[in-house]
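Heads up, there are several structures right after this.
Both complexes below contain chain A, partnered by chain B and then by chain C.
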Partner chain A sequence: MAIESAVLVVGGGLAGLTSALAAARAGADVRLVSYKQSTLRHASGLVDVLGYTPDGDGPLRDPYEAIPDLPLTHPYRTVGVSTVRDAMSLFDETVPTYRGDHTDLNALVPTHGGTIKPTARYPASAAAGLASDDRDVLLAGFESLVDFDAPHAAAHLRSAGVPFRVRGATIRFPGDLRADAKVTRYARLLDTDGDVTVDGRDRPVRTALTERVERELDGEARVGVPAILGDDHAAAVREDLGERLGVDVFEVPMGPPSLPGLRLEDRLFEALDDAGASFETGNPVVDYDGDGRIERVFVEKNGARIPFSAEEYVLATGGLVGKGVESNREGVTEPVFDCHVPHPADRYDWFEDEAFGDHEFAAFGVGTDDGLRPLDPDGNVEFENLRAAGSVLGGYDFAAEKSGSGVSIATGYAAGRDAAEVVA
Partner chain B sequence: MGSVPHIVVIGGGSTGAGIARDLSMRGLDVTLVEQGNLTHGTTGRMHGLLHSGGRYAVSDQKSAEECIEENRVLRDIASHCVELTGGLFVKRPEDSEGYFREKLQGCEDCGIPAEVVSGEEARRMEPHLAKDVEKAISVPDGAVDPFRLVVANAASAQEHGARIETHSTVTDLLVEDDEVVGVEVEHDSGPGKRVHGVEGGREEIRADYVVNATGAWAGRIGDMAGVDIEVRPSKGVMTIMNVRQVDTVINRCRSKGDADIVVPHETTVILGTTDEEVEDPEDYPEEQWEVDMMIDTLSELVPMLSEARTIRSFWGVRPLYEPPEVGSEDPTDITRDYFLLDHTERDSLDGLTSIVGGKFTTYRMMGEEISDHVCAQFGIDADCRTADVPLPGSEDFTVLRDYMDEFGLRSPIGRRSVERLGSRADDVLKTHAPNPTVCACEGVTRAEVQDAISQSGSDLNAVRIRTRASMGNCQGGFCCHRLASELYAFDADGMAEGDSPREFDEVTVRGAWDELLQERWKGQRHALWGEQLSQAMLNYALHATTQNRDRDPADGDPVDFAAFDSGPADTDATTRSGVATDGGERGGD
Partner chain C sequence: MSDTESPGPDASGDTESDPSFDPAEPNTGDSFEPVDVFPDSDDFDLRPGADSCYKCSTCDTNCPVAEVDDDFPGPKFQGPEQWRLKQTDDDYEVDDSIMDCSNCMRCDNACPSGVPLSQMHNTARGQYVDEQMSKLSVEYWRNRILANYRTSAWFASKVPRLANFAMNFGPARWAMDKAMGITDEREFPAFATETFTEWWAKQGGAAGSRERAREARERRGDPVDADKQIAYFHGCYSEYNTPEVGKALVRVYEHFGYEVVVPDQGCSGTPMFANGMVDDARRHAEVNVSSMSDLVDEGYDAIASCTSCSMALRQEYPELFDIEGIDDVATHTFESVEYLRIHEDLVDEVREAEVDDELAEEFAYHAPCHARNQGLDRQAVELFRDLDGAEIEDVGESCSGISGTYGWKSEKYEKSMAIGEEMFDHMDHAAGETGMTECPTCAMQMEHGTGYEVRHPLELLEAALVE
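And then the complex of A and B:
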């Protein structure tokens, strides 16, 4: 017999989690199945809504204002601006550790590459680093952490014209961490305030780190460090360092593996658990039954095919990176339900010659009707009880627009809400 | 003329670098000028095969004999650039038995050690060979890193007093009374190492003799002095796979044809190739059918290639030459031999010789012959020593020590660094500072990157070819920004601290970073499906989303910072007050 629920969400990234949450909060019996690690761990942890128009205009001050001018096929146009707002409200309620909900305006957050990026929500840990705050900044990098070079980032920020003085200093992280230590190693050490050996003496790591940063301070009101300040106790670590230094401490978001991304993922799973949804991770959906309507899907677990059935399904398996969209030399496919993915027939039309050109592949994904239901090549709904959310959707280039998280949250919310409505 | 003749060598590929080394070792005063990086032309765009000569044993026995001779020399003088993989000429059922026998006989005639192995034995050596491969001939083919080899030749030339100018384009030959007396060059960024954004300039370099070693570009140099050099450039594609499906060079044993070789190279294998005559060595179509043919045809030899991941493709242009009277129609029929064109004899123009045709494997021999020729012009009697004196990095380096302990590197990374650096490993890797890995795919550490920057200036593509950083599976997705930061941090005299002025300022670094991103993108475009398309999308997301490099505010219009969110009001002055709400009983963040 199949494992049953009213709504089944396939995919455990930002879109899938938001979708399951929205459906659960609307009272539906929800189950979520996910296979691979979500791409949140690759992402900076910033929650962008819309930073630039598809034509590259920006940074946009107000993302919501720009949504009505997006192309009709853009997922934001599919769900509409008021749904985007409702979805962001759900996010804000669910993740109180984020900031930015006090305004519609984008914030400009310094990146580890030394640029600034427009984003709608940011972790509290990044809040003191905003580039529209005119207090002076000291960036402190660690000698072995090759993903963030503080003097380079500071020089780059100066070239970007930030309205404050910014300096960079490279310090040696106290103790004897291996040169290739992972960011989680730093974070755990700070979480526990473990002892490190400095000049032959054992000292708590936060004390030793404070001393090294203090030496570099020259009247700056805030200090930015790479995003390694704790995992389970990140807020406490940051607060502690800030109090000792007498300045605001902020994290500069980084690439994979991203602690802010992992913290966000943890928080969303926790919220999903609180909302009473069930979930299981680590096993792929490999097949389905149904024609025009999905009857059940099969999850492969230890070599067995286990049926899961539901009334409504949400496809939130990700895009090219998350493998919710796959390709070979012949074409582009959606592997779970084999939904149609529009793409040029000639694979040499999938990309542009410039590294940051207007690449077709960046917008690969399924097309949908107004209810986010994937469409076949003739424009008919593929399955009456399947909705798609997040990067598996086509028609937008999240990387260029800086809209990835926002589209995942907005479409995840809409798909979950609408699925819950059907089963209610 | 001064007491020592001054020779200008045009072209920084294997031939030019080999000539520069040879002449400078013989005591001549040498300046080498190259329009791009070292290996910019054909040398940097080859499959990395160190020929045994087996490939030409039937069709071109003179080339075959030269290949096996030089194969032995390079194993000796360039051990840190060469991997002794061995090679197989494999025969499928549909391939001619007669040709197989001719090949074996040809190898014997040319002194190439060759042995027939059964299909089973061949599959024991290479388990992924097709089941229906009937038999094979085993030959001493190898793999060679062309970048490392040319850099080592140039370094050796420099040690012997040569001047090496990269990013310096020859804009004219200086001709006086029917004699070439020098060159006019346009430096991209001023003489010396390349620095982005530094204003270049023109320089007249007077010379007692000029050698044109520009391969496929030789005709262009000839035109400047009004002489005709009819090089017939022929393009070939090479497709790089993400892992080593084979550890031996696999050749198809048939008379000729495209897509007939698989060469293991570092962590990858390279599939080759096509052979199509082109008009212009810098502007020719890079075509989809060529990539598809590599995969489809070579899958007949190694079936798993059809499903494997390719990480990029690139094209090279062979500098083929044949005396115009031969008139081959098909470029595959043109000899792979080299020709020394003395323009005094040929065109009554003194002071210039061109060297055209030839192969990478025989670069040293070509250098020797042309150096003999140049010395003869000046009545200099000096022996060639390039076959006997090891290249820098290959001196007396027989024992791989336990570099894990010695350099504090994890062992696979230490091993790979040492393989690349050879006998220079001690100098480069011994550092008191932490030495983190910058490029994880290829195991390249900070010390190696800094060493490469000290050699090559602000050119990150030159750092790339020296170290292999950004050349692995992720194609620079995870390390381009790190390389840019290493460039910013570069500190020739050990004096820079914090924000003190740097050797390369932020704008210079940004230019080099952009150029590297673009170069990495160029070859990946031909591998954009499956895993590599996913990788490309991840890289794009990292560079555009996480780093916002596609809309870098430093490159664009000024940003009105005051118009954006400056933080929540309650936490505006002291954000720490806001922390209280998120650090509470949930115990998480």
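And then the complex of A and C:
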């Protein structure tokens, strides 16, 4: 016996979640298994489609317009522009707290490093911070959150030529939080408007924070702070601070661990639950049975191999960082199904000498047919009932192109939709 | 990893004096000789785990203590960072904040690099208690008494009615709080007037179970000599406090044609790990592994109804102890509902069943932290989704806050309740006014915070499947 479903998705990132969601919404009985908790909390929470061409041209105004000119091996070419649009619609329906769906054009969102990222969707919490808005900005960093140096980010934005005045100020977050307090600690304190001690007096944290930011304000219409403004009640926290300050407050997306990523993760899992799908995390898929067709896979729990079987499978285990693609001195492999990962035989051809050179490894991943089914070295389908989605796919460099989320959503959607069609 | 493999026989080893050395042509590994940084020891090697940590801090965002406690440095410090400090300084003393870690083990499930955080915490805590905590201190003895709950429960079970009265007798509790640091805010759980094993003996023990299992197989049309045998690890709580959970397990498993045996067993060790009483835990582990591994050899699987017990046998035992047979036992241990999901068509049987409201119509379900690493936090909600007559609502992903003995300590009571606040709030908003969880101490906390009665999923499964 085995734990059964019609569709089994392996991987709990954006690709896996979108895939499971697409299949479940199409009526399939879906289960998602993920080695660990979703890695979405590593992500900034911004959802890009395409910011730059593979040649580095950009920032692109309209990502959709650029897709037909991408190389044929690019995952966007595999699924096609209309599927990318359908996939983004599914995302928009599922995550109403995101903005940017009113246009095809990229938005320009300031990052915590003071760069400007072209992105298709952004959390509502970042909306007041867009670089295309000409209202003046105060960036308020917190002394203890060293990942965001507000004066530095402001200077960076000024030199990027943003159409507004921007200043950065570093303030002390009110209360005696430890120097390395977790982002969840700040969020929880703000969510509950808990008391903090300021000058020997207990004050509600939102009041105390408002006072400190207010002192730095000099007529700016909007204030950006690191993305720690609440978790469960993020919108309420932001609005409350905005009302008290009389300005628009926005969050600057941060590096990991990221609350906007965490909120997106929560929302997507909630949607998956609503769609009737099953999911579990904590243990890896390590092996499979089958030849040409996957009969079942094994999840390893402390030595025990738990069988899971399905008719259709989706591989969404991530790329080199997510460990869905692995490399050693011998070569590059996909560890779960041992799908072929094309790569030069000589590992000195995998990279360039310059740190930011055009490294080949960045685009390592499985190659697929039109239906996203991984191909073996001879160009034949590895397994008739396995589709791949997200950064386990090769043929694109998401970090350089700013296309990571978009490819995950588009290929996840396509894989889930097609798998559901087979089992229907 | 091949990076650390021994060099081949032709390794020259001397690259620095090689005149052809060119930094742009990196050492290809042929002449690489790994340096043994730490001498061999019998301890479990935590180095690869510490090295795998790339400091993303995801573990910290999962720590329920760090979310409410401004003095707690979080799992990344307690695990890999503190481990490194210990290697570089012989006099390094384990930071006393290790005792504020509640051993919820959520950080394990969070780490994208597979760093064995809880193993590191357990090891550091064991060292702290062993080497730094005074064996004459009230804290040590308080913790030891709490950790050895099984011993107190065994005595209490001999005189359950008297114990129930005495343990919640106001002046005595006041004195326990003041003198021992055991909070008087909580009510001690009631001891059953008949323990699970007393009941089990009356049912004819293993022989009785074999007979009933065979009858069930005949009824189900299964082969009568099917190889369906399990060894039940009931743990202390089903034994002394909630024997109804153990009874439900027996009835559900016999319904599916399983022969149940109940081997000799001690405590799983969960409360001992959490208090750094590793030697106590080991003593119990030896008993459990010894009896379970004999049965595993005979083809039995070990089944626990408490997710912390199954977690201990599966993960903490092989991570902390080197006892013969321990890996086999870990590999063959399962949580009770999980095992049926794997081996039986549980989903369909539940879908075709219905329950009347003898337990409740609606349940507010809380997934214990220890269920998470085992991938079981969604199990009950997903299984009962299709059960007619009962609604199960997940009350969210927060920790209940009690973490076994943690919330029983006077100085940690407030923190424990602050962690639990989110769960209480969600339970309050859920439609059901009966709780459900697999973990006995989460159940205690749920009851304490809301006044709800709390059931185990096996009890609902029994109501649905066993007539």
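Assume the second predicted complex is superposed on the first by the 423 of 424 C-alpha atoms of A that agree within 3 Å, B and C clash if a C-alpha of one lies under 4 Å from a C-alpha of the other, contacts with A are read in each partner's own complex, and residues count from 1 in each chain.
By our rule, contacts are C-beta pairs under 8 Å (C-beta built on N, C-alpha and C of every residue); 3 or more make two chains touch, one makes a residue touch a chain.
These numbers were taken from a predicted model, which means no experiment stands behind them.
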item	value
Touched partner set for A:147, first chain B, second chain C, both or neither	first
Partner chain in contact with A:70 - chain B first, chain C second, else both or neither	neither
First (chain B), second (chain C), both or neither touched by A:184	second
Residue contacts on chain A - larger count, chain B or chain C	B
Which superposed partner A:37 touches (first chain B, second chain C, both, neither)	second
Touching partner for A:283 - first (chain B), second (chain C), both, neither	second
Touching partner for A:106 - first (chain B), second (chain C), both, neither	first
First, second, both or neither for A:24, with chain B first and chain C second	neither
Chain B versus chain C as contact partner of A:3, first or second or both or neither	second
Which of chain B and chain C A:132 touches, first, second, both or neither	first
Common interface positions of chain A, toward chain B and toward chain C	42, 180, 232, 256, 323, 328-329, 353
Touching residues (chain side chain C, partner chain A) in the complex	1-3, 24, 29, 56-58, 60-63, 66-68, 70-71, 73-74, 77, 109-112, 114, 314-315, 318, 327, 330-334, 338, 341-345, 347, 372-379, 382, 385, 394, 422
List of chain A residues in touch with chain C within their complex	1-4, 33, 36-37, 39, 41-42, 175-178, 180-185, 188, 232, 256-257, 262, 273, 276, 278-283, 299, 301-304, 306-307, 322-323, 328-330, 353
Residues of chain A defined as touching chain B within the complex	42-44, 48, 51-52, 56, 58-59, 61, 96-97, 99-100, 102-103, 105-108, 111-118, 123-125, 127-128, 130-134, 143-147, 149, 151-152, 154-156, 158-163, 167-170, 172, 179-180, 216, 222, 230, 232-236, 238-239, 242-243, 248, 250, 253-256, 263, 266-267, 270, 319-321, 323, 326-329, 346-348, 350-351, 353-356, 359, 361-362, 398-400, 402, 404
For the chain B and chain A complex, residues of the former touching the latter	288, 292, 295, 408, 410, 433-438, 446, 478, 481-482, 484-486, 488-489, 498-499, 502, 505-507, 509-510, 517-518, 520-522, 525, 528-530, 533-534, 536-538, 540-554, 558-559, 561-569, 571-572, 574-576, 578-583, 587-589
